[in-house]
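After this come two complexes, each holding chain A, first together with chain B and then together with chain C.
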Partner chain A sequence: MTYLFKRLSLLLLTLLLISVVTFVLTKILPGDVAIMILGTRSHPETLTALRQELGLNDPLVVQYGRWIGDLLQGDWGTSLRFKEPIAKLLGQKILASGVIVVLSLLIALSLAIPLGVVGAVRQNRWQDTVSSSTALLGISLPDFFWGMVLILLFSRWLGLLPSSGFVSPLENLWLSIKHALLPAIALGLSLMAHLTRMTRSAMLEVLSQDYIRVSRSKGLGERMVVYKHALRNAIAPVITVAGLQLGYLFGSIIVVESLFNYTGVGWLTYQALLNRDIPLIQATVFVIATVFMLSNLVVDLVYKVLDPRISFE
Partner chain B sequence: MKRRDFLKLSALTGGAVLLGNAPNFRALAQGGTPASGGTLVWGHSETTQNIDIHQTGTASTLRMLQNVHDSIVVPDSNFTIQPGLAEAFEVSSDLLTYTFFLRPDVRFHNGKLLTAADVKYSFERVKDPATGATNFEVFNDVEEILALDDHTVQIKMSRVYSPFLARLSENGSGAIIPEGSGETTGTQPIGAGPFQFIEREFGNEVRLKRWDEYWQGPAYLEEIISREVTEPTVRLTGLRTGEMHLINDIPLDRVDELKADSNLQVHTWAPLSWAFLNFNHQIEPFNDPRVRLAFDYMIDKEVLVQGALWGQGEVTASPSFPTSPSRNNDLQVRPQDFNEARSLLAAAGVNPSDLEFTFKTTTNYPWHVEATQIMQEWFRMAGLRVNVEALTWSDWLSQCWINRDYTVTMMNFFTLWEPDFLYYSLWHTTGAFNYRNISDPVLDDWLQQARETADQSVRMELYHQIKQRIYDEAHDVVLWFRNGTLAAQKNVGGLDHIVNPNGSNLNFWRVSLG
Partner chain C sequence: MATESFSPQTAASTGLGSEQRVRRRLLRMFRTPKGLIGLSLVVLFSLTAILSPLFIQEALSTKINVTARLAPPSPSHPLGTDQLGRELSYRVLLGARTSLMVAVLAVALSIVLGLPLGVLSGYFKGWTDLSLMRLVDTLLSFPVLLLALSISAILGPSVRNATVAIGIAFAPYLSRIVRSETLKVSSLPYIEAARAQGASDLRIITRAILPNILAPVMVQATISVAFAILAEAGLSFLGLGTQPPTPSWGLMIQASRDYLDVAPWTALVPGTAVALSVLGLNMLGDVLRDVLDPTFIFESAGAQ
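The block that comes next holds the complex of A and B.
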């Protein structure tokens, strides 16, 4: 419990620091949201008035204080550029990103673990070659390439899946998955490749250990040895990487999001940055950082479940 | 006086300028009745921003909102102002009093009938600086807004502002929203247009539903789903897979390919926007008209239209819309003539090899970057040393537009057809869009005069003169008109009526699905 408490307080402190750094960095960038709102329709007069209204003329400390004060009362504020409540925007986009991130993780894990295990167990045989080549293919080609191939194949030629857009799973689960499937595969392929390589090498290492030889010599079935004894110990680093990827994917899937016009957190962050929309930048960075840190925490906790030898005290 | 009495009276006396009662059924000329119903999926090229019709200045947002809101007056294709929500309007001969007679049968999407109170409320909302309306300056000279009775609104001006009606017809300044709905119009807009706003999921889609009690008769389409797809290739894929019925803004290099596709229809029109080359008039030697003229002679505009726009545009010497009476049609695009350019530079005492500058362009418009690179070659051929700097949109806006920290740049504008808005804003010393530091007392004088001239033909003549002056002095070099483009499935009807005269807004009222 103390461990969890320590970790959570550290998380809050880090978030606070991140928010200060983001705020200052955004202020250093040229241009501001008032210019972006008015664009080539801006008069000097309207610009001044708008800056005043948006509170951009106040000292930095005041602006930051206002933001953090509201946040502490649970108010994310309103996007300056889009005039939408940020809480609503975050809700929509976290859901959207969540669907493809989770789906791509599931796809990646369900392919990577069997492939990795087979590659290790059948080391240097044709099964290993298949496993390694699949991984190599996934690693060597970027996700946008796979995205285009998938669109061509499944949308254009076969007409099976939509090529773009997002549907909320709360509205229509089946349609939501149909829309999320192609981006999730595109995203999941390179992740799958990494995880396959990880599983294979972790398995190889474990399989060469003494307790495996003991298990085999005491007459346990090969299946039992591989899946119960070896995999359980080899999986821990794979879970770590997968968990870390969750946080990473959340903020960095912008390429796949653009390709499929699937507007999630990455897209929202990009829009916020592009428009110098400070409250929105703060909120999106906050969310990405939180997901990143929380997934780290969860990975550490899962570690303990997978490997009881690990102690946090 | 009742509205009908007034109509009779003015018909008899003919004293006042009166336009009215001409119903706006633009589409009836087409044979056959299009099918009613269906949901049209529109792949919209941009993300809608703030959807408060009075606050928003973004072309993309107005393109969608055009279907939700109606305006008190509207422009026709020759930019003559026609009745909209007002079935007639009267302008006093001194241009100081405008009287609007509202249609009695207009219903907002909340079921309420349009009254003078709504008009007064909307106008006052735009006028109030606290609203942050992009076009608040339209109401600068408005002294008083009076609701004479339930269906008559009168505006009293403190001085003559000749473009007033035209400005009301454009960019949402004359859009009428129900009294008191200002607080919610940015989240759940209520208008009197052909479609009701249902919802927006930001960055993803906007849903609109037919308003059956629309005063011009219900639209054909039951629903419109405007999917916001900023990536052009994704729009193209969506059209090709049949997920979208209609997309706007086809990538310029793909237009011909789509035209050749027998499963699709392509609609193009001119102009969507116009572009020009800018000089900072405060930097030597660009304050010398001969130097600016020399640049005009270095550019082959025809080649530029081919090279940067893939032929999707036309050369023009004037930014005035082709159908606008303010357009000076006598002006010819200057040909490329390096000898002329060199002698002009020599006359100005400029040695080409001494002239080195940076050409700032923005990646927000990829074809600007291409045009810049082509022009850079020509400038080099004339012996100049030119560096190109490609800036992001926010950098361009803050460096060039706000801080005027540049030597040469280029920009384009949408929907600027109203001559005062166009010429005064861009070429008057105090013009809001004068980011080139232009200060020409002759122009200033004429622009002010035009603004205060009541007689429209005299006023238009003044604009011809103004444009001639800009052309002679080469204050800027106009480069092109860019075409608007959209593509649709074969079963989409009514594309002839979809584009607003301003070239940017799309109105789905007469669009149907077969």
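The block that comes next holds the complex of A and C.
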């Protein structure tokens, strides 16, 4: 309980720092919101008036205070590009991204663990070569390239799955999954590759330990030894790596969602960046960083459940 | 590096390895298939990046030829042409320079930013460490690509800004590794010995700590270059990195998007180039890490 309390107070501090970094990042870099709204050829007096109205002449600390205050009250400002309240825009997109993130995690884990286990059990044989090469190839090609290969294969040639768009799972679950499948695979491939490598090395380490020899010599079946006794102890570091790699995943959704025209948070972030829509950039960057941090907390808690030897006190 | 510095006396127990031992392991490692392939790919990539601009004029790669649009690979167009009839062979060769330049400069920048941060917090510990690492941890809460994309978008897309953006985004990762290595090294007896001799902090850091954390930093740098190539490709793919008509692998893949079914080679050529260079760097990174890890036992029978 003390641990959870400590974690939560640290979380609040980190959240505060994330908001400061997000704000400073968009403020110290060149770029004038007033010019972005009115255009470069607008009258200097109108610009000055708008800057005054938006409070852009106030000291940075005051501006930050106003931004974070509004944020906490649910007023996330208005997007310059979409001319809509940002809170509303984000609310619609979070569900879409949630679908592909969960789906890609499932795909990555369900492929990586068997591949990694096979690589370790059949070390230095052809099965290991296949598993290790798949993993190396997975981390060596950009996700958008995989995405294009998937579009070509499953959408253009085989005509099985749509290559763009998003359908809400609340409207039509089957159609929603069909739309999310290709982006989720493209997103999950590099995660899968990293996890396969981690599973293999963790399994190799566990399999060389004494208790595994004991299990084998007392006559347990190989399947039981590998999957029950070894895998259970090898899985904890794999989950840690999965947590670290989530950061990569949350970066990749920007590229993958744009490629598939999948209107989630990543797509929204891209639109914001492309149009230098500062208020929307601030909001999306803040949301992605927050979700990433929260998911790291979840990973730590899962880790504790999986490995009771870990104590955080 | 060893002659001028306070070298650890017991290589095996400190896990650092003497220079000679590392060299012997390195030679052995490069005789394994993985080491050999990795090294060859990296050498090939670097040579292409350095030499091709000397032999191929930039203008050749941007020359538009409407009569030969989307031509498949053939003797007159070795790797085919793109939607504007530009030779893919020239573009992919010159693209290597963009990739290598952005990746190496970005990683160099991340070392310039991250190394002092990490060394200072690992060496001085206490409040310096606490405050610096709070900052680093906050930056780590931002996914690398998100940070790089945002910085590049706000600075305005260009090759230079993409390099700066990737460099800044990588720095917190590097400083984390440098910090933990510095912590490990600075608790060793020879640092205490140096201090007892009256060496200043600056002298201890430059003579005793830096030379001994160099190896893990090099491993991280190798892997980071691979990741920076992917990041540059990603940024350019989204139009927030290298700008046309400069040849860049990410841009070439982006341009091929609309011609996938009619001209798949326009995507395959730059895709293969990215894959081979990143694969090589990853393999080399793996091998270097194994060499520097004294507990690692060679698996391959051919290497015995």
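Heads up, the rule we're going with is that the second predicted complex is superposed on the first by the 272 of 313 C-alpha atoms of A that agree within 3 Å, B and C clash if a C-alpha of one lies under 4 Å from a C-alpha of the other, contacts with A are read in each partner's own complex, and residues count from 1 in each chain.
One rule holds in what follows: contacts are C-beta pairs under 8 Å (C-beta built on N, C-alpha and C of every residue); 3 or more make two chains touch, one makes a residue touch a chain.
The shown structure was predicted, so the numbers you read here are calculated from the model rather than taken from an experiment.
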| item | value |
| --- | --- |
| Partner chain(s) touched by A:Leu141 [first = chain B, second = chain C, both, neither] | second |
| Touched partner set for A:Leu17, first chain B, second chain C, both or neither | second |
| Contacts of A:Gly159 with chain B and chain C, given as first, second, both or neither | first |
| Touched partner set for A:His179, first chain B, second chain C, both or neither | neither |
| Partner chain in contact with A:Thr46 - chain B first, chain C second, else both or neither | first |
| Contacts of A:His229 with chain B and chain C, given as first, second, both or neither | neither |
| Touched partner set for A:Ser258, first chain B, second chain C, both or neither | both |
| Partner chain in contact with A:Arg276 - chain B first, chain C second, else both or neither | both |
| Touching partner for A:His194 - first (chain B), second (chain C), both, neither | neither |
| Doubly contacted chain A residues - partners chain C and chain B | 29-31, 151, 156, 258-259, 274, 276 |
| Residues of chain A defined as touching chain B within the complex | 29-32, 35-47, 49-50, 53, 81-84, 89, 92-93, 96, 151, 155-156, 159, 162-166, 258-261, 263, 267-268, 271, 274-276 |
| Residue ranges of chain B in contact with chain A within the complex | 47, 49-52, 55, 57-58, 129-130, 132, 134, 136-137, 186-187, 201-205, 227-231, 234, 237-238, 240-243, 392-395, 397-399, 401-402, 411, 413, 432-433 |
| Residues of chain C touching chain A in the complex | 134-135, 137-146, 149-151, 153-156, 226, 230, 233-234, 237-240, 250, 253, 256-257, 260-261, 264, 267, 271, 274-275, 278-279, 282-283, 299-300 |
| Contact footprint of chain C on chain A as seen in their complex | 13-14, 17-18, 20-21, 25-26, 29-31, 123-124, 136-137, 139-145, 148, 151-152, 156-157, 247-252, 254-255, 258-259, 269-270, 273-274, 276, 281, 285, 288-290, 292-293 |
